[in-house]
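In structure tokens below, several structures.
Each of the two complexes below includes subunit A, the first together with subunit B, the second together with subunit C.
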Partner chain A sequence: MGVSGLVPARFLTLTAHLILVIVILWSREENVKSCLPLTYTQDEYTFKDNQLIIGLSVALGLFVLELVGFFGGFSTFMPSQAMISTAAHASGAVAMSFFIFDLWECDTYWWIFGFCSAFPALTEIIVLLGVLVFHKGL
Partner chain B sequence: MAVFQIFSQAEQRRYYAHVCSKASIFMIFVIALTFIPPFFIAYRSYGFWLRVDNYEEQPQVQFKHQLLVTMETSDSYITWSTFQNYNQLQQANLRIPVLQSREADNNGDGVRDELQLKLEMPLLDTEHIQAVQLILIFDYMLSKFSTMQMESMGYLRHESIFPGGQLKVIGDLLLVQRQPLAHRGLDTRFNTSIFDRNSLFLDAFDLSKVFTEYSSRNVTTLFQYNYPIWSKGRAAGSPFTLQATVRYPLTTVQYTPGLWQLFKWAWIQYFAILVVFIFVFNRIKAFVYQNQLVTTIVIPAFKEHKL
Partner chain C sequence: MAAGKVQAIRSSLPYQILLYCNGWYYGLFFIAEILIFIYKGETLPFPPSALGGEVTLLFILAGIEAIRIFFGQKGNLTERMVAVVLCIALSIPSLFGALYFLLWQTYVLRIEVILSAIQLAFLGLELIFGVISVVTFARAAPY
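Our next item is the complex of A and B:
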């Protein structure tokens, strides 16, 4: 392929999105408070907090999956998977930075998770299956 | 002799692909990402639709020569108005003043700039006036955007524990809006009379009722005077003099902009952000198609010369 530029771009967007997810995992308090009503009980807070923790942790797991596929050489030189991954994680990084700075509601995180973490991980799994199980080269 | 670049020309390279191929899916995706996000960015950063705007106009005001004046002593009051029915109802307390008024156009632009009113109420020496109340009725018109004509009121009240002989007041007739005006058309919602002059009942001139109804109007005027001068004591035999100067100043009027003004500003905001997105995505498209990240048929710019 000899595509210079696509591999670093994918790496950078992956890393940016990963860092933002980790940052939110550490400082999620304000975001959780912004999706609760003005007066809330400790139970409600813990419930929403747990939801967000689960979402972020699953996202981290999917990141590990994608990094395995990328660094392990499975999808490093596949242009379509690289493009999907770059686009998804770039928009994910932008959305997550808005999430932190504009204090978006914690329920909107599931949309970001769906499009920007789950979708590229899904395509990565398909690629991994293709390479490992069906011996599809390239 | 050194040569320098005298002219340059871009060559076009065309990329062809089938309707259902990765290349066209990529293109659809990029087009959506180019034209839709600028709208969201422009909208979410507030001020996309211009909902309210201002314009300045000096209103055309005319004093309708209708007024109601009340002067109060410590235990009684004296009153007069230009409304026959009110005067008949208030026969017991009626006193007829001497009234002079003129409206001046100081800068000669055809629009009246102020009203000078002088009212002299004849009084007995035993009557000590401690409060004066004056209601003036105006015709108020704005014509720059929508044509708004209304009957409006200027209300003045001054009280003092010291009985007085003269009250001088200077102020402006200000526009008070609770809602923005339209940008075109005729607006005569408030062109109804404030005092129902044909009514024979006392409650038609009940000030609390009149004021409640007047202040429930969404567009009114207010006579704002900050410099009242009350002269204590009155020479024997002289009337109570009330002098009022009501200015009609340049007013800032709030209005809802029309459709084209709305679109003009919305388009400017959208286009400014769109340009950036088009530039960025053109570079991304060039990178993707040039490096054959999606397979396309390339037709180069130059034609093959047959040897």
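Our next item is the complex of A and C:
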């Protein structure tokens, strides 16, 4: 049972990252302000705010996708996908907590999004395609 | 079921997955709440004995949760109705415990809302699958 430790590890890092994304979606004013110049108009603020909302919402959608793959048993016992997902979401959770505490400017979110949400979701889609379309199994 | 040789497995796989993940999730919840209580005790003024009561509740909830998940898993695997019913009955105090951390405690932080909401989602889903399992086990009683 070499895989047994990977399943809870993946689940917990996924949950931790999910919680942090929801927290930032809830309180993002300071992060949005930190990527605007000292004097800004309301339009500029709304533009940046909408960008961040869209990014976080897409990340939530990708979380749903990964949770479906995980709870549905498609990639639950796949060590490679579990390793990629655990590593990406663990670093994502750490990066997101720095994002909150150090008030990183909102544009750096896209790096976190790309490497820690989109990348494991992409491999998850490949796994889902392999299982559902090409019947590759475990 | 031709000659009584074929034995259908009536244990519910989604229920088992939910219980397994809920056990790990409660561990995360517990550690996070302990750290949150340390933070709250350091920075916020508390009425006397409120903090102690809430921490005690967290520990009691951990005990209830351990018993509930144990009975749920064993009952589901051995297809015993009584254990699953006990698991469903124990989810009522567990539900109120999670609701306490969501609504009624002295200071509710934003992260606690999210943490208890996920716990409540787990409890609700387990309630649904638990009732389905009880119905399945009761209907196909051996004769």
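The criterion applied here is as follows: the second predicted complex is superposed on the first by the 136 of 138 C-alpha atoms of A that agree within 3 Å, B and C clash if a C-alpha of one lies under 4 Å from a C-alpha of the other, contacts with A are read in each partner's own complex, and residues count from 1 in each chain.
Everything below uses one rule, namely that a residue touches a chain if its C-beta (ideal position, glycine included) is under 8 Å from a C-beta of that chain, and two chains touch if they have at least 3 such contacts.
Here the structure is a predicted model, which means the values were calculated and not measured.
Undergrad: Following the overlay on subunit A, give me a clash-or-fit verdict for subunit B and subunit C.
TA: On the shared subunit A, the partners fit.
Undergrad: Give one of first, second, both or neither to describe whether A:P8 is in contact with subunit B, with subunit C, with both, or with none.
TA: In the superposition, A:P8 contacts subunit C only.
Undergrad: With both complexes superposed on chain A, which partner does A:P79 reach: first (subunit B), second (subunit C), both or neither?
TA: After superposition on chain A, A:P79 lies in contact with subunit B alone.
Undergrad: Quick one: angle from subunit B through subunit A to subunit C, Cα centres, nearest 10°?
TA: For this superposition the angle at subunit A equals 110 degrees.
Undergrad: Looking at subunit A, does subunit C or subunit B touch more of its residues?
TA: If we count touched residues of subunit A for both partners, the winner is C.
Undergrad: Have a look at where A:F63 lands relative to subunit B and subunit C in the superposition and call it first, second, both or neither.
TA: In the superposition, A:F63 touches no partner, neither subunit B nor subunit C.
Undergrad: Once both structures are overlaid on their shared chain, how near does any Cα of subunit B get to a Cα of subunit C? Whole angstrom is fine.
TA: It is 19 Å, taken between the nearest C-alpha atoms.
Undergrad: Taking the complex as given, what residues does subunit A use to touch subunit C?
TA: Residue positions touching the partner: 8, 11-12, 15-16, 19, 22-23, 26-27, 71, 73, 76.
Undergrad: Which part of subunit B faces subunit A closely enough to touch in the complex?
TA: Residues of subunit B touching subunit A: 22, 26, 29, 287-288, 291-294.
Undergrad: What does subunit A use to touch subunit B in their complex?
TA: Contact set of subunit A toward subunit B: 1, 3, 5-6, 79-80, 82-83, 87.
Undergrad: Can you tell me which positions in subunit C touch subunit A when the two form their complex?
TA: 13-14, 17, 21, 24-25, 28, 110-111, 114-115, 118
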